[in-house]
Each structure stands twice: as C-alpha cells, then as structure tokens.
Amino acid sequence: MTKALKINKNSEQGVLEVLKFLLEKGKVKGVFTLKKIGKDGAVAYSLITKSDELKDAVPFYPLMPVNAGKLLSRFTLRGSTTDPVIAVVRPCELRAFIELVKRDQGSLDNIFFISSTCGGVYPLKMAADKKIEENLSKYWDAVSKGEILTDLRSACKGCEEFIPYTSDMTVDLIAKNDIDKQCVILLNNEKAEKLVEDIKGGFLARELDKGKLDKFCGKREAEKKKLFNEIEAKVKGLDGFIDIFGKCIGCHGCSKVCPICYCKLCEFESPDSEYKPSNYETDLEKRGGLRVPPGITYFQIGRLDHVTISCVGCGACEDVCPVDIPLSSIYKKVGESVQKLFDYVPGKDVEEEIPLLTFEKEELSEFED
Amino acid sequence: MEMKIGVYICECGPNIADKVDIAKVINAVSSIDGVVVAERYKLLCSAEGKRFLKEEIKKHALTHLVVAACSPKQHEQTFMEVCEKAGINPYLFQLANIREQCAWITEDKDEATEKAIRLTRAAIKRVCHHSPLEKKELECNTDVLVIGGGIAGIETSLQLASPDRKIYLVEKSSSLGGLLTNFDKTFPSMQSGSKSIQEKIQTVNNNANIEVFTNSEVEEILGFFGNFEVKVKKRDEEQSTAEFNVGAVVLATGSTLFDPMQTPQYGYGDLDNIITSLEFENMNSSGKITLKNGKTPNSVAIIHCVGRDKTGYCSEICCMYSLKFVRYLKDKISNVKVSNFYSDLCIPGKTYQKFYDQTKGKHVDFIRSTDIKITKNGDKLNIEYKDENGSKNNLVVDMAILTPAMEPTSDTSRLTEVAGVSLGDGGFFAEEHQKLSPVSTTTEGVYIAGCAQGPKNISDTLDQANAVTGKILSSLIPGRKIEPEVKISQISESFCIGCKTCINVCSYGAITFDEARKISVVNEAICRGCGNCVAACPSGAATLKHFTFNQIYKELMEAVQ
Amino acid sequence: MNEKEGYLDVLVIGAGIAGIEASSLLSNSGRKVHLIEKTSYTGGNVIKFEEVFSNMECSTCMVAPRQQELLQDKNINLLTLAEVEDVKGSFGNFTVKIRKKARYVDLQNCIGCNACFDPCPVSLKNEFEEGLSERKAIYVPCAGALPNVPMIDTENCIRFKGKECKACQEACAFEAIDFNQKDEQLELKIGAIIAATGSDTFDPKQTPEYGYGKIDDVYTAFEFERLYASNGPTEGNINLKNGKAPKSVAIIHCVGRDQKGYCSAVCCMYSLKFNHYLKSKIPDIKIKEFYTDLCIPGKSHQKFYEKMKETGTDLIRVNEIGVEKQGQGITVKYSVGNKKGNLPVDMVILATSIEPRDDTPELAKVLGVSLDEYGFFKEENPDASSVTTSKPGVLIAGCAQGPKNIQNSVSQANAAVGKILSLSKKR
Amino acid sequence: MSKSEGNSKNKCAIISSKLDTNEVIIDFLKKAMDKGIFDAVLMPLKVPAGDSFAYVLIKDKTLLKDGVPLSPIMSVQGAKAVSSVTRLGKAKMKIAAVMRPCEIRGTNELSKLGQTNLENITLISMDCPGVLPMSDFLIDPEKNIRIFNEAMQKGDDTIMRPVCQICDKSSMVAGDLHIGIRGAKKDTFFMISNSQKGNDVLDKLGIDLKGDINSWQAKVKNIADEKHKKREKHLKELKSKTGGLDNLADTFSQCINCHNCMRVCPVCYCRLCYFDSDKVKHPSEDYLKMAERKGSIRFLPDTILFQMGRMLHMSLSCVSCGACEDACPMSIPVAQIFSMIADETQGLFDYVSGRNIEEPIPLITYKEDELHDVEDAND
C-alpha cells in the first residue's frame, strides 16, 4: 500500500493546495503547470515562482498546447536545474521527457513530477474555436465515470498508457466518482513523502483501483482498435501513403511540436535533401510530372523512421496539422509495431536503453554463426 | 581538461585603489567555480607586474587569465603578450576595465566597488567560454599598382621602383605626363615645367622595373593589402586585359578643370577670345599669344574663381598661376595691360607673396570684384563687375582668360567602386584622416597622391608622392609577413541559405558568394572582424570568433544579475 | 654598419606632430629612431590646441594615441631635454653628439601622480600656458602631457641655488626623484637626419599699433587657445582680466604679415575656428573678423567657412587697423577703402604669423644646411618635393621648412621617410 | 496596380473561346508546349486523393488536362515552388509558371534575395478571385470545389479568405504574361504581355496583338479601388483591436509557437530560423530568474519574441498572400496582422514587395552616398 494524501477539495484545488504549500515552504523554487493567460482565457504552460500566481493555474485543464516533456527538455538543455522544481505533467509528457533525457536532451535532477491517471484532452481546434469552457463539466463527468468522450483527440481516445510509471505523485482521477469533492494524491516514493512530510493532515494508505482502471483500459483498447482499422483501410501500401499525405503542405509543424524531433536542423530541411536542377531533370525524364516542392512523402516516411522507436503517442502532431491528416493514428500504429519487436515502452524507465540506438557487442551473435 | 582561472586586480597606483575596495572584489570573485587564485597587485602593466603575472600563471598552472585594470585599448596587447610568454593562448584572457569605466567615473566608493565586482565577475563568466585562437601569417606581394600617369603617378613610380619591387603604371590617356606637359613654366621658380616632366617620362620609360600601360583602365581590384588581384583593360585593337598581383594600390588620377560652359555669365563658348587657363598655357607654349583674328592683344583680363561657387571650394593654385600668366604676357607682348579680377588673393606659404610682390607693377592691376559678366563690345570684350564698395563698373579688353576650379576626374566615382574606397569633400577621394593620414584611405593598402585627394600645387603633390612612398616602403617590405585579423567572422555552411544580406553590409569586401554551393564564404585574410555580417544575418548562420553569442550572453547576464 | 646602405639608425629632431609621424613610420619599417626633443614633453604646438579645424576634432584625442604608441615603441629611443651639439660625416655615415639635460625624475618609477607638485615652495609663470598660469619648479607643462613625468627646472629650484630643500622628494611615494642625476653627452652613429623643429609665432610687441602688452584683454592666438583649453589655466572658461565673460570680440588677421613678408596659410582657418570656440562657450557673443585676403584653400575649408558664417559672424576687409584703449574697454580703429570705422569690443585676438624658431640658425650651422631669406630651413629645389636640403642625408619636415597646416606637415614627415627609405636603397 | 500595366507598350490580344478560364489557360499552354516555347509547365493539379491541390512540374503534355490554374485553395505558396526548382541554379528547361499575382510577387521578391533564378522561367498570372480558407475547404473538398467555381463566376469573394477579400493587388502586378477575365465580354479573354519575354511568347504563337484592353483596365481598377477601401477599413479596425503590446500579447496568447506560419511563408527563406537557433535557448537558472522577476512567466517565453522578430525580418517583403493564416492551428488572424504591418512599413519607403525585380529591398540594400542629407544635418 503506498502512502497518499487526501484533501477534501476537488482534484484541481487539492493539487493547487499542495503546490502552494511547496512554494511557500520553499520546498521548490518553481512550478510548471498550465495557467490561464491573457483576457480571453488562453491556456499555456507556465513557470510559476510566486504562490499567489497559482490562482490562475489550471493543472488538469483538458488541453495540451504543447508537449510539456519538450518544454522540460528545453528548460534543462543547457544544464540541469540546481533549484528544485515541480512539474504537473500528463503520463505521455513524462514519458516523452524521459525519452529525451535518454538522448541527452535534458536532465531529471531536482525535478519532481505530479501526474495523474489521464482522462485525455480536447483537440487544439476546440481551443482555437474557444469551445473548451463549455465542455469542461462534460469532460469531468466522463472522467469520473470512466467513460471516453467522442470529441477527445483520437490519440487520447486510444491511449492505454494512461497510468504514469515514474511520477513522484499520482492524482487518482479516472473512474473516481467523487473527484469533485475529494482529491487523492498517491506518494509513489520516499522523495515524494519527504517533500510533503509536514503538510497538515496525515498520510493514509491508498492504492489505485486496479479493477476499475483495467475496465477503463479495455474501453481505450477498443477505441484504439477502431482507429487502427480506419487507418489500415485508408493506408494500403505506398499508394495509400501517397494518398493520405496528398494534402500535406510541407509545413513540418508535426516535426516542430513532436517531443522526439529535437534536431537543431532537421535532415529534411538541410542542404543534403535539397533537389538540385539535375535531380529535377532526371526525375522528369522518368515521370511526366513531379510534385514541387518535392519530398512530401519522403519527409513523412523519413520522420516515421527517425521517431517511431520513441513515439509516446502524445498526439501533438495531429493537433497541429493544418490539413487534419490523422497523423497520431499513423505514428501510434507504426510506433507500436516497431516497439513490440523489442517489447519496449518508450519513456517507461530512464535506465532502459533505446533499441536500435544502442549497440551491444554480443547482440546479433545468433545471426553471425 | 579542468578550467583553472587566475584573477588579478590592479591597483594602478592611486587610480583604482583609492576608488575601489579591492579586498571586497577579491572575495566576491574567489567563490566563482573555476577561479583558483584571486590577488591584487600594485601596477600590473609595469615590468615587475608582468613578471609577477608570468610566474603566477606558471605557479598555479592557470588555463585562463582575467585581469581587472585599465581599458583594453591601453594594455590588452601587453597582457596578451604575457599570456603568450607564459605558455597559454592569449585569447583565453579577458581584461575587465575597472578604471576608465568604473573608478574614474564613479564618485561613491561603494557603488564603484559594486560595479567593479560586477565587471570582474562578468569577465570571468565570459572567459570560461573563450576558445583558443591561432595567429595566421601570409606572404606579402611587394609590387605596386599606380593609377594615373601624371606627375604624382610618375614621381611615386620612380621613388618606389627597385629590382625587388615591380611597378605597374596605368594611364587612361595615350601618353604619360598629365596636365604638367602643357605648362611651359611653373611657379614660383619659373623653371621649365614641360621640359622637366619629359625628362621624368624618359626615366620612367627606360626603367626596367616600371611597366607602363597607356590607353588602359583598371577594371577590377580584388583582395587585400599585400595581395591585390588586378585586372587592367587595354583599349588597343585586341581589347586585351592584363592580370597581375600587387601588394598596394596608389590612386594618382589627378584632376580636371571645371567646364566654364556651366557658368554662361562668363560667355565662354559663345564669344571669341575667351579662353581657359589650359588653352592659354598651350597657346603660350606654342610661342605666340594671338587673338582669333591673328592680332596680338594689348589688354588682357584674367578672371579668378571661375566655378568656385558651383564646386564650393577654393582650388588654391589659380591665383598663383594667374601671376605666372601675367609674366607670360609681359615676356611675349611689350606694354600689354593685364588686369586680374579676383575675390581673395590666395598666396599662402613663404615664397608666394614675394612672387606676387615681384609680379605687381606697371600696367598690372588687381581689381577685387564680384558678379562678373562678360559681354561683346564690337570685336572686344566688356568685363562688367561690382567693385569693392559694391558699385557697378566695367572694363573693355581684347582677351579674357578664365581660371576654372579644379575638379575630380570623370572616372573617380568608378574607381571608388573598383578600389573599395569612398568619396570625400568636393567629390575627391576621401583620405583616412584629414590631419594624420592624408595619403592613406580607409581601405588598408590603397593610397592617394596629388590632386586626386584635392586641389594642390606641384611641390605639395610631390610631397604626397613621397609620403605614399614612405608609407609603402615602411610596410610592404620583401619577406615581411602580414598578420591578418584573428577575431574574424565565419559562416556555417549548413545554415547559410545564400541570401547575400551579409555581402551587402560587409564594408571590407571580405565575403564572396560560392555560386556552386549557393552559400556566402568569408575570406579569412581580409575580414577585419567588424561584426556587421553577424548582426545582419537573419538566421544567425554568421558568428564572430571571440564575440560569440554565448560569450556575450554569459558576460551580460552576470553583469546584470 | 653595412657598407652598401651605411648606418640605418635615423635621428629625428623635434617631437612635434611631424617628428612623431616620421618616427613611427620609420619604426614601422624596422629602422631604429633616436627622437630628440628640446622640451620635457612630446606633441609640440599641436597639443596646445583644444580642437583642430575643419571637423573640430579634439586635438588630444587625435594625438594622444600616437604619443602613447611612441612611448611604447621599442624601435624609438625618445630623448627629452636633449639638443644636437655637433654633426660630422655624410649620408649613411653621420656621427652626432647630443647633450641631454637631466630630468631629475626617474622615467620608469614615476607614475605621474603629481603628489610632488604642492610641497614645492617655488612658483613662476608657465611658458606652456603662455604665462597665463603658474607652475612649480618641479612641473609637467599641462595635464595630459606625455610622457606624464615631471622635470625639475634647475634655474628656479631653490635646491640648485644652494638651499637645503627635499620637499618634492619626500612627497614622492615611488622614490622617483633623484637629485644626483647628471647631464649626459651621447654620441650616435646615424644614417640620416630629419629636422622637424616646428615654428614660433610673431611677437606682436614688435607692432605696437595692436596694443599688445599695453592693453589688457588683447591676446595672441596661442594665448586664446590656452584660455579655451579644458586642461588650460582657466579650464576652458573664456574670461576677461576682470573675470567677466566678453560680450564682443574682434579677431584681427595677418598680424605681422607685412613684417614677415608672407601669408602663414593657417591663420584664416584657425581664426574661423575661434568662432566655434567663442560661440560654444558664449552663444550670443558678437564677433567681428578683420582680414585682408581670406586664404581658405583646399576641398574642405570653404565649407567650414560657410558653416561659420551661418552663425552670424561678419568679416570686414580692411586696409589698416589699430587697437586703442577706450576708458575701461578697447576700440578697434580700421579703414575700409577710404572709409574709416571704429568698433568698441571687450576682447581682441591677434592671429599672429608663423616664424622660424629662434634657435634655427644655430641648428642649421650644426647640421651644415642653409636657411632661406625668411629664416626657415632652405629646401633643395622649391619645384620638387621640399623635404630634401642641399646636404644629402639631412631632410626637413613641417613648419621648420615653412608655414603650413597639420595635414601638409604630416605629408612632409611621411615624404621625408619615403626619401630616406628609397634613397638609401640606391646609394 | 503597377505602372507597367497601364502603359500601351504591352501587347494584348483578345481570344474568344467557349471554354472556362482554366481550360483557356491549359489550351494556351498546350499550344505553347507544342511550339516548343515551353519544355515544362508549373501549375496546381488535384492530388491523387482528390482532397487537395499541389503544384506540379508537368513535362508530359497529356497531364496538362488535369491542371487547375485557379485552384480553390493555396496549399503551397507558388513562390516557394519556383524557389525549390531554381534556388540551386537556373532551370535546365524552359518553364512556364502559372500562378496568382501574390505568388508572382513572392517569386520576384525571392529572386532579389538570391533564392530564385528566373532565367528560363516565364511568369504567367491571371485575375485572381481569391481562395477558400484551408480549414473550410477540407470539411468537404468536392462540395467546396463546386462552391468555389460558382463564386468565381459570380465574382463573389465573401466565401474567400479574409486577406483575399481585402486584396487590392489581385490582377496583373508583375510577371511576363497575364490572362485577364475581368471586364471581358462573354466567351472572350484578354491575353496581356507585360515584358519582352511575354511579347516573344505571343509573337511565336502568332497571336495578333492589337486588342484593346481598356475595358479590362477599367474593371480591374474599380475592383482594386473598392478592395483598397475595404482593406483600409478592415485593417484600421484590426489595428484598434490588436495595436499596442498588451493587445498584441492577447491576440497571440493562444499561439503555441509551432512556427507553421514561418515555415509556409514564401519570404521566410532562412534554413534555420533565428528563433529556433541556440540564441533563444537559455540555461535553467536564467529562466528561473526571469520567472522570479515577474512571479510567473509563460513557458516558453518566446511567442511574442518570435512574432515581432519575424515581423521585423520580413514585413518589408510580405506579399500578404495569407499562407500563414491557413497554416495556423489556432486560427490566429496572422496574415491580416502581418498585412497591416507590411502596408505601413512598405509604405514608409513607398515600396511594394515584388512589384519590380530591379527595385532593391529597402533597409537591406546599402548605398554609399545614401544618407548624405542626414549626415550633413548634424555635422
């Protein structure tokens, strides 16, 4: 039984109280969480150092403007933070950050993580159309009932990794019918316990309700199957690929927001992949017409090749695509098939080596003899 | 390799010690990681000071050095030499200026100390990000290109030419000699002008070390001091171009006369017997001074300052050669009456007033006048003018000689593009500094001599020709190596997209465009590290050694903590 | 000594702007230079000006870096308080005797903190400041002089007149003052000599009609320059003897021109510069300039004149002119053509002609070169470049050869070097 | 309306044809390819899946029939297409690029910046009815193609993108040839040449060039004037809403810093944008210090820095083609804001981006004796 905190407030207020406590007691120097910004209610990740700024914080707001893992990597790229910081992140964001740490793009030192059993988020389009506020109650209602809302992002609807593996604290949300009255925060390790040891109200023993969560997981799995079948129908062979990416306008937004795409200069934007006049000439000899600028499908397949071993299925790519290509289903499906080969779950454990990127001396001995 | 920084704070006698609490600065900087020693010293720039620094570097096996003392302009070079002698790369060193920028300008001691601490800490944070840079050397070409075959070009070529220094003398017209060939005599000595220039042309022609190009124009000059690549287009039948390398370029293109047609009030071009000074020199050299109708004039007017209001400057020599014209007229025509219409007599220097005093006399008068207008009066000329008290007056004469202002030659602006120099006052070539470097230009290795730099007399022209010789012989020495700037810019090949914005702002022509790879490339020998390209490059592909973003960012953030 | 080229060292006499430029160019070419200067400081006349025409650049900012380089240049051996006593030999092979007076202050140790000035009991008129301010027996001519090391004036120091006084030595924290320094006699092997001894200005006492020396507030150009100088006697404030600022000023050109017989080329330009000086300190001051012929040749100078005229100064061309006392103030009496006029003013500035230094004849004899009829060094051929003299190996540069502006002095300094470097190749 | 349009030097022909605009253009291109005037044609084609359009470099004449010069959407800005073909060297074949006026201007601007080599390229423009917003089109591509064509016939621009509705340069501005539909009688089209290259093409095609284009010019002028008034009104309103740092911050408060707008913009040609480079990546203690100064900062604190930085870099070259607004996932009116700024900055130098190849881009072109009047002022 892990220790847990119980606060008689709704889950968001409960977490905010803990964050306020940590800031005021100087246990942490800064808090990473979603916050309301500007007069027309935009929500964005913020780094908060003064406790009274927490009044606008909305930690579990159902929107992922950008993958927090990518932000934490940027925060610690130039060296780990010496002052302790706590971040409220979703499981896929935490996994994305860990995947980046494995690739020397950040450091976990002095960063505490509060995550939750993730109920998924609405698509960016809904925020753009300012329709999230009116769907908030519907969202929390579905979460507490352990149901899946149809207008969530497809990546979230089919997401089975909704329980965080390595967060210091986990807020129990899914299928917890009293989340608007009671906030339960599980303290997964001594670090977490030590952090909140002198908070008022003692600890109690609490576990995630395996049964309810497994049932919920089944629903997510069904949704995932549905999405994968849709994609399979649409994308048959290379021609299917060309058709699905026909609409792509080459804005590379999907690679910009993807946490795993961290290259300073993407190979598909560098001089080596640029078409020279001679290439145009030879291509036009072979085929009557050539799409210009070339390399739309080449970029998508190339990115798939670079990213899928570590793709955490966070769905940021589909969210940002201006032509609504079902990218997250494609990358999740290809990602899973690649990761299954090595039964590797990206970002599950920072010590676990990334397959394909790490070479073991005696690795392929069975093929050699 | 672990970083070991030594920080030394100079008292500079009373200058810093009185105003900054050095002990406080020392313990404020000793705690920074990487700093292994922080000490003070009486006078670091003195001989003992330098010896002390050298021993300290060796004793603590320092990898980086920070000195907090005076302005880099003063002793950065001194301390870099100390680093070199002590065996560490001179660029792993930073000088914090806590004298001119702190002690000398801050009244309150605490404030001065606080500022000294910030400046020193900032220097330390910067030095951690310095990377070692190596000095480079280049073999220099000692030949010289002289543009313009007048007296200035000829004198420079004769002074410079020697077996180990070839001179290329390029003249636009078909023969050498320039304006001087037309002058029978020159002031103040009244010795023969054209004779002396012909002798000089002879010595140039049979000097094996001078290659003369007539009817030719310099088309292109690329490169830098010590290694210019020159293209000269010959306007002969085959229109061939010659290409050669030189170490320095001398602009000796002289000047031309203002065209009096632009000032119609003088009637030049539509009334007879109104001639310019050059036409009069040729007439005098041909032996007889006659009117259009062949008769000899017995009254001549010399009009000074023709075109001066248009050009906006006094051309210095017109008053003097007008006096010479009076003597020409006196020799050739007995009892000729000469009247000079002038505004201000410009006869500076020790020998000129005497020349004027000896020219005055019978039948020679000097009329101070303004608003001169020349009209027809039968077959004579009527000079209308306003005299000293402003009342209108006129004088009838047979002939009028105009002294037009001196102007830059027609191809001056073209040559500024070719030689990479700029135009100054009056449209002449701009000297680097009006007082201290009158014969050099802002482009190192390109010099100016004679009237190309501004109107002047023959002896000043020859002075400038010898001055250019002095400058070149003292810097372009056979065997001497040129040390190009080390802190130069570099453009990342993968990030550059070839938009050429950097090439537009580079004032030294140091960036060329690689057509094949469509990227801009910095010529390391010419780049002077001014940083224009780094500021202009939209994507940050250009970076400047020793002033990288990181170094400046760290320094700044530490200073404003 | 290498036979073909002879001795390579060069002797430069005079550390004014021409001497400095010649020395640094020679050092740049690898030659060793012995730069001897009669006074205790470098910079000559140029450092007396606050600003120079025509871009009104501050003259110390212009010259100080060059002086600094000179002091740090290993190829240049600067000998202050030194004069040439005897010269023997010919081009490439001169033997020169130099007498160097003692400075009594150690150049290495002294850091120019000026602590030794106050205790000195002696006080007398400072020649550098044209007598407008006082100096001690141990002194530096002006703040910012380089080398920034004082000298002891043995004529006036009471210790050198037998009295027991160590005031300055006790005040020095760096043991820089050493009374036992002796005058020295040096002998140098020299290849070529450049005389760049500069010039003096005409003493207007010789023309009483200007009332100089008799009437207060009649200043020579150099005195006015020092009045305006920020490191000068009045730190740049232009005041009359009675301490008040002048409301009207007359600037008289060509003072001494008739006596000298030539136009000194620069007085018109520096008189126009004085307008900028006066207007910058006293904006609504009335200025009248009396001239005979405005001599502003060259591409940049007329522009300077026109910009000055816009500030409202008017110029009057006069035949004769005189300055007389008028009760408390001064009046300028002048005649234009046949009309007479007089103008009451508070201050008069006399633009005095340039003339040779008084020790020029003596130096000429030592160097074996002749003077021209005006007392300047005589150039070999007035039509050619005027830096060579009739004696090969002895060259002249700057106002020592005749009145000229800074630009032409610098050109002549470079030209002299050009001649030495190119001639020694062909010897 | 550029000056070259009005002068009589240009040759013009009136073509009568029953076909619609697209077919007339394709027929013209086909004839030109037959005559060997062009080896290839660059114009939009429907993508295989039929749900979008893309620029295709067509060499095989049979593919021409699928071309849709007046496509309902601008998926890729034409200037970017031409640049990708010719940036690394002039095209090896003679190409006719059929594009909208703002794409032609973008191409000219890019050629001034060394990103396009126009040798062997003939720029053909046409009177542009505007394009549909990308997000609207994608809801139902088939239906929207029909709606677009009807609106185009009627000249109704209310369904087009906001920047197209206020575009006052929607006819011939630059380029070599222009196909005019405005002010034409039924079943007739104007074929106007705007350069020597254009004249040669028409001569070789033997099209008699004595048509009178006054009716076209008049129609184009009054459309342009009307749109200009609409533009000024619209942008003035926008300025009151988004002017000032706070308003601007609020307008971009939803921006997620995905830089789509920069990537699709024709005049943002840098390979690595300054705002993606190391220069904006700071150590954690500096971010914490920034946060402490304000109590809380948006993370990443780069949105306004990027937007204003991009404005600073490219507003003088902006052709207000609207590509950025199409690509913005958060539906921020980026194109309208950047058009507002571009009108003002270009107005300062009375410069129109891409109007004429010889016209240097202000500020990045330095002339030796450029600022004498200012220099002397304070000399």
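Observations on the model:
Letters A, B, C and D mark the chains as written, and numbering starts fresh at 1 in each.
Operating definition for what follows: a contact is a pair of C-beta atoms (placed from the backbone, for glycine too) under 8 Å apart; a residue touches a chain by one contact, two chains touch by 3 or more.
Computed from a prediction, not measured in an experiment: that's the story for all the values here.
The chain pair B-D and the chain pair A-B differ in C-beta contact count, and the higher one is B-D.
Nearest to the common centre of all protein CA atoms is the CA centroid of chain B. Centre-to-centre separation of chain B and chain D, using mean CA positions: 47 Å.
Once the centre of each chain is set as its mean CA position, chain C and chain D turn out to be 69 Å apart. With centres taken as mean Cα positions, chain C sits 80 Å from chain A.
The distance from the centre of chain A to the centre of chain B, with each centre set as the mean of the Cα atoms, comes to 64 Å. For chain B, the set of residues touching two or more other chains reads 494-495. Annotation for chain A: residues touching 2 or more other chains are 265, 270-271. The chain pairs satisfying the stated touch condition come to A-B, A-D, B-C, B-D.
Partner chain D is touched in their complex by these residues of chain B: 416, 422-423, 494-501, 504-505, 513, 518, 536, 538-541, 549-550, 553, 557, 561.
Remark: chain D residues 40, 42, 45, 47-49, 51-52, 54-60, 62-63, 75-76, 80-81, 84-93, 134-135, 138, 249-250, 253-254, 256-260, 263-264, 271-272, 276-278, 281-285, 287-288, 291-292, 295-300, 326-331 touch chain A in the complex. Per the touch definition, chain C reaches chain B in the complex via residues 17, 21, 25-26, 28-30, 52, 54-55, 57, 62, 66, 68, 108, 111, 113, 174, 257, 261-265, 293-303, 306, 317, 337, 372, 374, 376, 381-387, 402-404, 406-408, 410-419, 421-422, 425-426. The touching residues of chain A, counted against chain B in their complex, run 265, 270-271. Those residues of chain B that touch chain C in the complex are listed here as 13-14, 43, 46-47, 74, 155, 159-160, 162, 186, 188-189, 191, 196, 308, 312-316, 344-354, 357, 368, 388-389, 424-426, 428, 433-439, 454-456, 458-460, 462-471, 473-475, 477.
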